[in-house]
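Next come two complexes built around chain A: one with chain B, the other with chain C.
And now, the complex of A and B:
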């Protein structure tokens, strides 16, 4: 009780600690968010000073827009990268958690893509996947595949090639977090199972995997949200092409706003993106209590 | 003794397998550096350059695509942005963890909810607002928003709360005010957490492509990601130049990673596991 009182007595000083930050959050987050929400109901275009409220027109247009449905499809394909990279990361973390030599070095090798993420690695992958003479297709031809895929150049494969880059990028991040979770598991429990004659596979599947389920859940949620928001890599490699086949939702917003300057419409799309993130977050709140066993 | 030998029997092959897989992960980097030293006729043909050919790097650094200004721009934005974010986040984190006033928790919920807003929602209004105020197409359009990090407030608040309340309380009873407690006591104790946040924040800003894409227009203001993009758009057959330019962009990050590896890994694993 006494503890609360000294903090409360100087309450106004407390406010001065938060105030500078709060002004920024207000200017760069809260006000823009409200502004964007209003724009959603207008036909605002940056070049055109005459705009008016159009009510729900943008939303109606959105649900009749083929490009919108296409972008949802590409976003779904993009999201495949999340569970795939998690499973791979879990396997890598299992092995690294057992004693290996050079643990720091190997961990660093897996983690390097995440830290160097950005435009530069995107360009490296662009060349690696180059269809006619890139090293990946050279290798595929060498092992006897006469006509390897066109990767980023082919509308059918471009999104999956992006997935490969994304999996490669996120693997190290997921691995680090799985490693931290694995280190919290008590060895006694595992020893007891081993003495009872359980195989390594069975111990992993029946004991370790359930024990790290909170981490799996968290990584899944944050991974889905992070992936839904990101478009740097895609913009750098394909800029949404070929013929729109990598225009995921977040990139669709960017293109509508800054390619066509349809800013009211872009706001409507961006709030759809927000709604999806909101749903995922609510699932997290509910699910944390129900589905995860600690 | 037997146990040790048995241990090695597992340990060695596991190490070898993991090392090979790890190499696989860094092949793109190795290929990038190797290509940056090759001549145009060698690209896509050899894995290793026949001799170290520095001309691509020289061209990137001193040619019409002078990477020096891009570097200076990126450094300026990332350093000012990070210093600002660290300081303002630490202040707010102290306010949220060690002071108490009406509406504090409600305010914190607002912070929480702002985390859910995707950057795509904010690009358009910020673009319009920055145009009004006149900071569109200036470095301030990147620096100012970067100084306010909700993640930073969360992370540092979590750390400040782990500092025993008794320590700050006894300092208070000894007559120290909040500012003295913050600067003399809490900040020094929070050095590891601050280092972690600073490194992560710096790397995000250094790699930031999306904001630069939206808010910068003049080539002389370009940061590295934008400069790189331009280089590649206009030189899309100059593969050696592309890889020399990419190396120039990535290598500082690799250095930061090796210097701050401990903090980066700690920061990432603690922030996620505690959730």
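And now, the complex of A and C:
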């Protein structure tokens, strides 16, 4: 009896501790989300108090908006960075998992971008990718490429250039998580395979990769969600330009909402973004049964 | 067991102190407001503007606060971009201490009038904005009424490095020069490490806007005028300057390196700079921007000799509005009048010349030139900076301006030829100008 009341008290203390956080979530996530869901069906403009319900007009407009389709295209290009950075991180992690000199230092170097401020990183990359005098193009010219790409300054390459920055940013984080997963693998399994005569490539592909699949799954899901929502890097580097060629969905929402004050329309776009993320996540949850091995 | 409880007890204690901290500060607040009530006549106003406080506004409010102990004004700076305007609009909508605020373009003022946060000033009988600020002020009327008081002379022009012009044997251009003239000038002035012309971001569209202001946003048949031939000519000249003459930076280059155009002009890396009066802030600051050349001025050129209805950028700006939701509207109005009629003088050294006829322009000019008289060519300064031109305020939706930018960006990045660009500008703006 006494024990139970202690448990109860324990529960209350726990509740008290999470209460501030719960209030925060309610105030800053749940209520605004409901609010924006309602706004989606109105023509509410931030500064104009006269608004009315317009039903599905915003959604209709959305599917007739060329800018919207363009932003979906750019978002897709942006998402390429997720698998690429994961594969690279896996390779680096494999390398670092062996006995390498200066392991700690190298690990730190790879992790550094992840803990740096996004905007600071953006400015460094702007210097590196500077079309006429930037070190990257200087190098390309030096090895004989006469007209190196304009990177951020070209509508065709800007989105890919941002992919490169994003890959570089996420590499350290993905690598650390993979490294943890690799160290979980029991050496007996690997030794057994080696005694049976399996090559290093075969061991990696047939044993190590499946054994870290839960990690791959986690990184894939969080990576896709984070990349779809990410905003600050692009805003700092190109602000959606040149000529709108880096306006991904999250920037499109920002511009519509806070540039034009079209809150109803912006709510519709952001709920679309939410729906896409939800669908991707559900597909992955369902699909994980096929390739994730616990 | 004992050890386990330690952190919990500690955290509870910590939480308790934090709560105590909150409540004590709460009671302090209560005391503060009680004091405020006892001295009821003391009014506190807040004024929002985009000029950094140290570039004049702080001196302005300090002067006022000294003369008016009962009405204390506090200056809050917002940056005049999307995020900054959002901050101001949020403060206005939610009634958070913005009794007075500056507007820098018509679309934003229009939004604030729609939102009901701009007091109608035409009804005030004790101040005649038209006669004080001149006929240009009328461009800021919305529904034929004033909702804000224009306070300063707006200026945009070409800054010239006179030493470089002299060295190249070029005279200071005539007021009505054209873009072909400018192209020739830029070509002759370009040297290794020195561009002939740089343009500030905001100046890229000045000629387009001045042209549009002359010919009208819409054609006679109601279709958009965003595909007109004069724009085409000007864009082609600029394109040639970038890629053939190489007398101005390529657009992509300027865009991605976020070129600091004012610094580059003051360091002698460009002979001409198209920009506004805000450059005076740095040009007069010889400590941080040392330079020893003389600066002369030219008007932003029109497209060609045949263009007769070109409107030069200018007129009046810095439109000070009183918040219609403010509790101290009368005090705010008193401050607004004082500000316009000379109170704003400390900002003249940064290039903000008061528009009111109650202010002696000579005094403002001498403030602007104080200590740097020898850095400017007086003749062209009087003609251009203090000259009078037919002016305009462009009022088209932001979406149309952005669509136009996307299209000419494609042209400057060589992704689209000029004819497609003109056609797209026309069709895309058509929808938005309805």
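One rule holds for everything that comes next: the second predicted complex is superposed on the first by the 268 of 294 C-alpha atoms of A that agree within 3 Å, B and C clash if a C-alpha of one lies under 4 Å from a C-alpha of the other, contacts with A are read in each partner's own complex, and residues count from 1 in each chain.
Everything that follows uses one rule, which is that contacts are C-beta pairs under 8 Å (C-beta built on N, C-alpha and C of every residue); 3 or more make two chains touch, one makes a residue touch a chain.
Predicted model, so just to flag it, every value in this text is computed and none were measured.
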First, second, both or neither for A:241, with chain B first and chain C second: second
Which superposed partner A:259 touches (first chain B, second chain C, both, neither): second
Chain B versus chain C as contact partner of A:13, first or second or both or neither: both
Partner chain in contact with A:129 - chain B first, chain C second, else both or neither: second
Touching partner for A:154 - first (chain B), second (chain C), both, neither: second
Contacts of A:68 with chain B and chain C, given as first, second, both or neither: neither
Touching partner for A:90 - first (chain B), second (chain C), both, neither: neither
Per-residue contact with chain A, leading partner among chain C and chain B: B
Which of chain B and chain C A:48 touches, first, second, both or neither: second
Overlap of the chain B and chain C footprints on chain A, listed as residue numbers: 13, 17, 46, 130, 258
Chain A-facing residues of chain B, complex: 7, 10-12, 14-15, 17-19, 21-23, 25-26, 28-29, 31-32, 35, 44, 47, 88-89, 91-92, 94-96, 98-102, 104, 107, 110-111, 114, 116-129, 144-145, 147-148, 150, 153, 165, 169, 172-173, 177-179, 182, 203, 207, 209-210, 213-214, 225, 228-229, 232, 239, 242-243, 245-247, 249-250, 253-254, 256-258, 261, 264-265, 268-270, 272-273, 275
In the complex, chain A residues that touch chain C: 13, 17, 46-50, 126, 129-132, 150-156, 238, 241-244, 255, 258-261
Parts of chain A lying in touch with chain B, wherever the complex brings them together: 3-4, 6-8, 10-18, 20-22, 24-25, 28-33, 35-36, 39, 46, 92, 95-96, 98-102, 104-113, 115-121, 123-125, 127-128, 130, 133-135, 138, 168, 171-173, 176-177, 179-181, 184, 214-215, 218-219, 222, 228-229, 231-232, 235-236, 250, 253-254, 257-258, 263, 266-267, 269-271, 273-274, 277-278, 281
Interfacial residue positions of chain C with respect to chain A in the complex: 8, 11, 82-83, 86, 89, 93, 111-112, 114-116, 250-253, 255-258, 398-399, 402, 405-407, 409-410, 413, 415
